[in-house]
């Protein structure tokens, strides 16, 4: 029971901090606070999704940036056509988030399905590399999309619209992103503890045992992979709306690596740890860049130290400890 | 010497404390948002831009007569970071921005600044998106429109009498723009159009294709390290002697020439300005820059210095008050100052109408490779997008 | 025809270069189970040490020695300070730590040498071209790369198949516990393999430096390609690294040489142009995905 | 040992027909024919390297056979993958324990019960809160003598307890045959004795193929014994027949026998 309590307690503390932080920062004259928090929340959404398959399924994807970029590109491209007055296969387009976002998520799910199906034929290092390969392919496709700006990326003239929520208002946008994060974490938590989740985790701990209990590994891993792709895609959608432009940058291996680093930093298989990881990683990057342009000379060794001594990331020990006995 | 010491000190301060540089911060100092790329291998360009701008500000912390504070932010060549910085600076009340070094970063920063009603004056990139239908009254480009060097190179190729050429660029937007710009003005035959991979390091395959096509010359655009690699390998393959190479200025800037060595000798480039410009303002600038920072200024440094002086002239005309945006805009648009390169005027899209030169990398008396001016190839050249720009 | 042979040579040359990088990486990977992202950094260190030494002494051989020594020493430092403690940890921690080392090294080199790329000349005895047969002159520097690549392949083959060290390396790739059980000093074995890998990177760096811009982050550009090579070849196998390197070198080079022409002949220009550029860029990743789908553990996996 | 009574119960549950497996030139299993009848414990013995582990992998579907057939409950399963064979009721234990170490004992047995049909894609329901599942899981935990240990994490169990849990995990699925790969391996005398008692209790309920080195255990438990040497079954018979057979004695039992 204590594990449940620790998760709930940590989750509530984080939520309280994320709710209050912008209000507190607004009292100071630091204008970068809200955008920084928004970035943290969006990244958190992506890395929580990644943690779902790495932490609970040992599926180390080095290509999750492809879903991040796809989510963003789908909304940006559709918005672009709508604003240009083009029709898309006879459809005049829309700017409504309620329509565009599910569409983008569907695209991510389909890509996840295809990539997952092929990649899950391999394991371990080969899985890491084949996901990377697919992400690189997506990256090169995006770079070669001349019509959508190619390497320079595509501007969005406005954010999507949503009934009764002003996405253009930074406060409303932040709290919307935060709400989505909360919902997503709760959903992931539900999955982890579900009948599906039990099997999925069993596959990580002992595939042979699970198979001899009659489990066919592929559908379970594929389902989790697709769910993870959708979550990362949602983060991409939010990112596109936050930044109001998308670039192939979103699909580089460095971005995928960043996601991996954040998950590890926060603590694998904890769902909440990666959120703390995102806050620390992005916060640190922000603080260090303000301090010196040679910030990497500090950031680098910090990552090394975390890998060497933070055996389970920042929150791994705490959130995983105290279970059974 | 006095100046050198001060400038060094200011430069060092900027390096050590990063980013917010306070030069004699008076209470009323005008804050200028200066977002540029300092980290990453391309950071040397950002350093040149920042340092030249700082040099223009001088030891008294004034741009013209107006006390200013440069709010320098490193974007790390990530548009998202730059956008973040722009948001932050806009919210803290900054109204005037400059410094961005790359088109994709500018694409992230410019709209944010425009939305806030602030001004942006570009020190380097002039992407076509903002030069045509999406031009903006508060957006000025004090350098060049992105296609200009390529168009000038096309004219140069005509003048040099090349009848068939092979053209190469990396397969991304700027690369495609480059080759299209060249083809717009070039009158001969393009026998082969080769797109290389982004971040490609080895060009042996492309060199073999060039050799077999046996053109009169090649035109190639590869920025940064790729440009150096290309020039070195081109020389090593023995092609430089038989097939002349023409490049836009930023494919071989002063720093890149050092890393390219003798392989750069004999290469032609289209340019706005070089260190060998024959006028006092230019010589003085090169001397001061070298004294202050111990290195040769690149074309980017010159552009930043001119941008600073353009802003200085406009500020002086409005007594440092940019709250009256209309007045400040009108003064900027006059371009009423003496640049180091040839004087220019602004077209309707507020991009420069200016002269371009054909230059050649040659050894000087000291055996150093310098960029000598061959001849003027374009007079009062205007970009192709100006006609699409309709200011209100 | 002559052009085709020249392009084959280019593919061979690129393959030889990739092999210098991939052989060390695959051993480290196979024997120690470590994903070492700093491998590209050793290559950069080699290029810098070589270029700076040549600038100082004017001797290419001094540069060669300095590059191999510099990269090797840095490799040993990285092994003993960081990587050694990560042998039995999950791959993720190795990725995190070595990513941190990349960031650190790049910035440290920036602070010491500066951001602007530095220059290294082609040594006189390797400048110019030789005529292989009428109509085909090939640059000596590139021929030298091919020769060095093949020599290293031969050296590694002898080392792995005909020495006690090689026996341990092979055993280690097959079964780590077994080597442990033999009572071999594993620390010594790991350090030498890691150091050897770094030295070969340094060699690749100094051999490439005359043809390339020596600059920060040059290692990361080549790192991912190197990983592609060893995954295609099969992790832990020298033979796999050689075959993978040649395959990647050929596919990349011949793709760049002929795919645009072939597609332009078959398809309307506007389609062919974009398609060719995309295909050429992604060719090695397509190759890797294809190989892994058919043979999930690569062509010559060390561990079956 | 008495001769097993010849009755309707004597039908074969699991039968191997001329199974072959070679790695290169090395024939690891060579023409193995063998059957496990309902209600019996059929022991498989043989020296190290005889091919026992490979044979089990072939039976359970982890390794494809080069030739031959595996039939289970009268159905040809040679081409079925491991998880499909498991779903048909082929239960097993592993030579080195294969368990999910992060689960609690209770969770693990619940997992086993919940996978009867190959696992569920229900993303919402928490099986731990299913009273019926818990109750049934507790029954099997009790059956193998782990009552009181149900909330302990598998990683914290003693070696013998893990073996008991493996049995519970298999039994919970009500298997039609149990393939046990050295269930006593690594156990102390006391633990072994408890395991022998436990298997003895289960005898008759579940047909078993028992691979074991502990000859005392084999002679106590088995109805029939097959001897595997260099991939071939050199003899099959009752315990007494095996004891008496000179070929077996020389090839394998030798001094170890008594």
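Every chain is named by a letter (A, B, C and D) in the order it is written, and numbering of its residues begins at 1.
Please note the rule applied: a residue touches a chain if its C-beta (ideal position, glycine included) is under 8 Å from a C-beta of that chain, and two chains touch if they have at least 3 such contacts.
Values in this document were obtained by computation on a predicted structure and should not be read as measured data.
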Farthest chain relative to chain A (centres taken as mean CA coordinates): D
Pair with more cross-chain C-beta pairs in contact, given A-B and A-C: A-C
Whole-Å gap separating chain C and chain D, where each centre is the average of the chain's CA atoms: 49
Interchain centroid distance [CA atoms averaged], chain B/chain C, Å: 35
Separation of mean Cα positions, chain C and chain A [Å, integer]: 32
Overlap residues in chain B, where contacts from two or more other chains coincide: 39, 43, 171, 198
Shared interface positions of chain C, touching two or more other chains: 107, 110, 277-278, 281
Sequence positions of chain A contacting 2 or more other chains: 143-144, 146, 294, 296
Chains grouped in pairs wherever the two touch, ordered by label: A-B, A-C, A-D, B-C
Sites on chain C touched by chain B in the complex: 3, 6-7, 10, 13-14, 17, 107, 110, 114-119, 121-122, 127-129, 137, 139, 141-142, 210-218, 221-222, 253, 256-257, 260, 273, 277-278, 280-281
Chain A residues touching chain D - in the complex, by the definition given at the top: 190-191, 193-199, 201-202, 205-206, 208-217, 219-220, 223, 323-325
Touching residues on chain B, where the partner in the complex is chain C: 39-41, 43-44, 47, 171, 194-199, 201-202, 204-206, 208-209, 212, 224-226, 228-229, 232-233, 236-238, 255-256, 258-262
Parts of chain A lying in touch with chain B, wherever the complex brings them together: 29, 31-32, 35-36, 39, 143-144, 146, 149-153, 155, 239, 243-245, 247, 249, 289-296
Residue numbers on chain C that touch chain A, as the complex places them: 29, 35, 82, 85-86, 89-97, 99-108, 110-111, 224, 227-228, 231, 235, 274, 277-278, 281-282, 285-286, 288-289, 292-293, 296-298
